[in-house]
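Structures follow.
Shared between the two complexes below is chain A, which has chain B as its partner in the first and chain C in the second.
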Partner chain A sequence: MNRREFMTSAAAMAIFSTPARAEDTPGISASEIKIGQTMPYSGPASAYGVIGRTELAYFKMINEQGGVNGRKINLISLDDGYSPPKTIEQARRLVEQEQVAFLWQCLGTPSCLAIRQYCNERKVPQLMCSTGSSALDDPEHFPWTSPANPIYQNEARIYARYILKEFPNAKIAVLSQNDGFGKDYLKGLKDVLGAEHAGMIVKEATYETSEPTVDSQVVTLQGSGADVFIIAATPKFAAQAIRKSYDLGWSATRIVSNVSISVTAVLKPAGLDKSKDLVAAQWGKDPSDPRWKDDPGMKEWGAFADKNLTHAAFFDQNAQYGYGNAVALIEILKSCGDDLSRANILKQTTHLSGLELPTLLPGVLLKTKPGSYSAIRQMQLSKFDGASWQLFGELIEA
Partner chain B sequence: MVELLHQLSSGLALGGVYAITALALVMIFQATQLVNFAQGEMAMFSTYVAWALLQNGWNYWPAFAFTVALSFVGGVVIERAIVRPFAHAPILASVIVFIGLGFIFNALAGFFFGYTVQSFDTPFNGRPWFGAKFMSAHESGAIVVSLIVLALVFAFFRFTPLGLAMRAAAQNPASARLVGVRVGWMLALGWGLAAAIGAIAGMMAAPIVYLDPNMMGGILLYAFAGAVLGGIDNPWGAVLGGFTVGVVENLLGAYVVGTEVKLSVALIIIVGVLVAKPSGLFGRRIVARV
Partner chain C sequence: MASRLAWGLAVVFAASAPFWMSGYHLYQGAQVLIYAIALLGLNLLTGYNGQLSLGHGAFFAIGGYGASILIVKLGLPYYVAIPLASAVCFVAGFLFGFPALRFGGLYLALATFALAVATPQLLAFKRLDFLTGGSEGLHVPKPGPLLGLPLSVDQSVYWLCLAVAIALFAIAANLLRGRVGRALVAIRDHPIAAESMGVDAALYKTICFGISAFYAGVAGGLDAIAVGFVSPESFGLALSLAFLVGIVIGGLASLGGVIFGALFIEFVPNYADQLTVYFGENAKALPGAVYGVMMIAMMAVAPMGIAGLFRSLAQRLRKA
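Moving on to the complex of A and B:
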């Protein structure tokens, strides 16, 4: 057989060979599951780095307990500095050099979008991306990509329903970040309000994250005479908007997006008295809320944080988020059994039928289906009473 | 009308912060003919120092004074240790050093103090001044402080021998050296003063925009626009430019161009001024004989 014949037959064999067994999946061996991740350990979003550190600590604990079905979890978590070009470089390194089975919890909308095409072309699962952007929940075009966070549009839908029910004659003013996050919010709101109620939004204003303050935007919005004020902003700008709207004596019902509900990082800087009566949707348990003091799930998280991280980490909602997702991944891998092919890992992640997490509100379950990968769709509204968030009403499905 | 007054006053208050930051830029430009892109991050870091002191129970004014003094020393040290070796390098090398310095201070602040936004105390508490109901006490205070800093800088250059020596060192280093001015030290002094003024800017900005490692990014851009508009070699011009940018940005954003391109106003001012009147409204035109 000459070389050409050999090449042809080898190629033919590759095409007609039987489907790969789990052991043929890159990153999977009898003793190990190798997973890749990009995380902003440095740069402007490095506050999120604690998510990766928490997850690493959780898998270390799982490995000490024997791993999943006898396999140890090996999470390779690389720094991308929240810079998409760097994410691409690191993702290629993870997939091609480290030969990971899949990518998991890569953080940030721009970073995840940057590697989405690459992952889908190579059929490498890009699971539970740390972002709530609706662009990462598009199974029709990108079946190998799934988001971990409730998508922003769904949260906004819940606010729109709440407004229609409680304030049917409301005049709404919206402050939103001028990027995908803010636009998702506006879309969710407008979807629910529909053409019929579109006129309820009397004023929209946006800001860039590089602007020093949003004071001027808040003044403009107040000038519109609105009586419902929706703040779709990240923590610093949300704090500014909360303070300024109070200082202006604006008596509107203020709704703040869930990314900015932290008492320590947002409401304290804004002033607790100035934050009174804010409304927000929630799905996780607030670690600073005494209500969960004796909650088994939160005690579990507290014990883990004390032992493997720091006591302060318990109150860090980013760390708590990482913990919840690490728990979820272990459950998913358990449900894969011995079929750890990429296709089955994706299938298990996208066919969750009601997984409970220790860090989520009672009744909030992870549910995914092939047409919609966003796992958290239930939320409950809450009001800030000047000290902590008070839940009210039923769980709402977006 | 009420809305317009609110827009004006919040523009003026931030304009005060831009003005002080612009003054810091002017200080270094006066001494070296370069714009210090790390100015904002240095100011932010100084503000964190003040914040740490306040957290440890210091009173405001001692913490303020100590921070300004420490920033002065820090500025001198940076000039001596980091900027000096590049004194004879091409301008681009210096610019890269400044940008690198900015990144270093940003990362250090995050490392030491975290990325969570912090509220920052103001000495100007209580009821709004002069019964001005559109401006908080701190906002009025920030404007007054910016004017005081301007007066001090002006007096320093105009009436003190040291200020005269600094001007001489900047304008004609060779002749200055011949008459006994220590030119190198004058540059270090310029850096120290700029760092001290920057610290004041940071401490006036933080109660308005909240303290976090990225606090000064946008402010520096606007301050630069202000300095360019007023003339980057003229303290009066820079301060007036800072106030103008603060107000114009708010008014255009609210009534003319909309919030989506509000930030671009600063960039348009920079480009527009550099094209139409490169020396700024009040700057001196420098004519070099070749």
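Moving on to the complex of A and C:
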């Protein structure tokens, strides 16, 4: 090889090794961004399937409007029946056969945990997992995995801050479900109370989901003389705890977990009068609340649902959740500009500095940072007035 | 003779797969082999011996969790852990066989159904968290390369599953060819006549239950290392029902049929999901319905299962 040949070949190499061009990333071409997803369209959790359907419909609309920077969004959403072995199979198909750029909004704690190792070994971003388990927010060990839901710990931290501010001398009783959800909750509370105020929790009780009722736990908790009662329970048990605590004449301030704030599924069965003065943290706009009738964000969502889904979907919080996340993803992809490498997509998702969504309460912004990928960390408290939830106070940061 | 040739070709085809299949397809292939082993066990019990089980997912789960716990908590290698967990399954199945003696037909189906319903809840039971990892499940490390050969994980797992499957098929075929097989079938067809001929029905039925559970346990153990993860959701009611679908679609009381059954339960749900794409996003909610239609069509075309279909085709050819 003479000198001239060497120079040209070196120049050629330099051209081909320019960093992170879009075409180098699997699933990214000049005209398309290919994304993968697993979703329980069949099986025990199929009620969540509407999330995937909403997201598909949203991207179809975006594509009709020209896509993101000229690239169409191609979301391949596969059924995993909420079975982890199937999730792995489908994730491998998406990554190895379909060559997607990244996985997004795969649903379910066990499903996401099952594919986490695989995604991180291959450095395939597993973004915005549809779960609130804190196990999926572990950037130190699994930097390629991020959760979409506010993690339960953060909600509990907000209650702890509220109690410290408003009831500094409170005696707290906690009822929690004996699983990851309940444990996350207790951890969040204790983290904020710290060693100094740990004594404020005077009594803890747990229940198994197989138990018929939590009445005896509520009686025990009342016996502790607590004046703040935290109910970290799923809908059926929350309804029982709300009713029992009222029937006992327990005058404590009752705080109920956000998973159990549905008026129709929890508060009506418990009794609307018995649910009066409950406190709960919120971050999303409740579609059945007339307050948001003229809200631009909710009008946007309502118009989209009417046109692309059904009118009933507007009131389905799962569909609303899918809509919000689809909007967020489009914003994230826009912020990537022309660098659609896996590393940059991950970076943009985990460096959100305050993204606003049409479905979130005013002022609640998506914020992520390298050490903590959970994006929703601001919430507002609300009180139930016997008919609907009334927001009060400032936004609180977890 | 023809059937031997078919088996030979199938084995050669299956054994050569790692040379030309991608890792993803080998994973699917391993799943098919694992399902085939579990279906084989269930077919011994239901197809040959006439005891209906709707709860074989439970024994699959014991094998899967048993092997995972031995590997993760005790640090045992998988080739020790899987046989141990399978032995536990044999004992569990054998013991379950005793009450099963008193249940006939649909009552046994209900009792085993209860087993399938209870399994995911028991696996998530709090007091067992230290063993089972609770609702978050257990991560099982991938096995090293088979026999120290330079193979990828997918190749190793696939060949391991294939070797185990061939061995278990050979054992089952051997068992069924002799007096044990005749006794099992006799008990299914004419229990009273079988007993008057001196067949110890109670012993055969309980042992058959044990062997059947053992097969399910081996499959569960292999599944745990192939998937690398076990959680209560992995062993839901749907799994037990899929096994039943597998043996009926494949062909009751047929060894070759379980392979078709395994192919069906592995691939048809995927096709059902893909088919929905052609009907727009809203049809995404319907993979179950599409799967159901396919199953009905299958039963209409091959009421005796796929193995039965081949048998009747062969008969017609011979007559012609």
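Just a few scattered comments:
Basically, the second predicted complex is superposed on the first by the 372 of 398 C-alpha atoms of A that agree within 3 Å, B and C clash if a C-alpha of one lies under 4 Å from a C-alpha of the other, contacts with A are read in each partner's own complex, and residues count from 1 in each chain.
The working rule: a contact is a pair of C-beta atoms (placed from the backbone, for glycine too) under 8 Å apart; a residue touches a chain by one contact, two chains touch by 3 or more.
As the structure is a prediction and not an experimental result, all values here were calculated from the model.
For the composite obtained by overlaying on chain A, chain B and chain C cannot both be accommodated without a clash. Contacts of A:Asp247 after superposition on the shared chain: chain B is touched, whereas chain C is not. Once the two complexes are overlaid on the shared chain, A:Asn178 sits against chain B and chain C alike. Touch criterion not met for A:Gly371: it reaches neither chain B nor chain C. By the document's definition of touching, of the two partners only chain C reaches A:Ile88; chain B does not. Once chain A of one complex is fitted onto chain A of the other, the partner contacts of A:Pro296 are absent, as it touches neither chain B nor chain C.
Of the two partner chains placed around the shared chain by superposition, chain B is the only one that A:Gln217 touches, whereas chain C remains out of contact.
In the superposed model, A:Arg53 makes contact with chain C only, not with chain B. Once the two complexes are laid over each other on the shared chain, residue contacts for A:Lys236 go to chain B alone; chain C is not touched. Touch criterion not met for A:Pro168: it reaches neither chain B nor chain C.
Comparing the two interfaces of chain A, the one with chain B and the one with chain C have residues 42, 44, 46, 178, 208, 210 in common.
Of all residues in chain C, only 22-24, 27-28, 31, 121, 124, 126, 134-137, 139, 223, 227-234, 236, 238-239, 269, 272-273, 276, 281-282, 284-288, 291 touch chain A in the complex they form.
Contact residues of chain A toward chain B in the complex are 42, 44, 46-47, 178, 205-208, 210-213, 215-217, 219-220, 222-223, 235-236, 239-240, 247-248, 264-266, 268-271.
For chain B in complex with chain A, the residues that touch the partner chain are 2-3, 6-7, 10-11, 14, 17, 107, 110, 114-119, 136, 205, 208-210, 212-215, 217-219, 221-222, 249-250, 253-254, 259-260, 262-263. By the touch criterion given at the top, residues 39, 41-44, 46, 49-50, 52-53, 56-57, 60, 77-79, 81-86, 88-89, 92-93, 96-97, 108-111, 113-114, 117-118, 133, 135, 178-180, 208, 210, 309 of chain A touch chain C in their complex.
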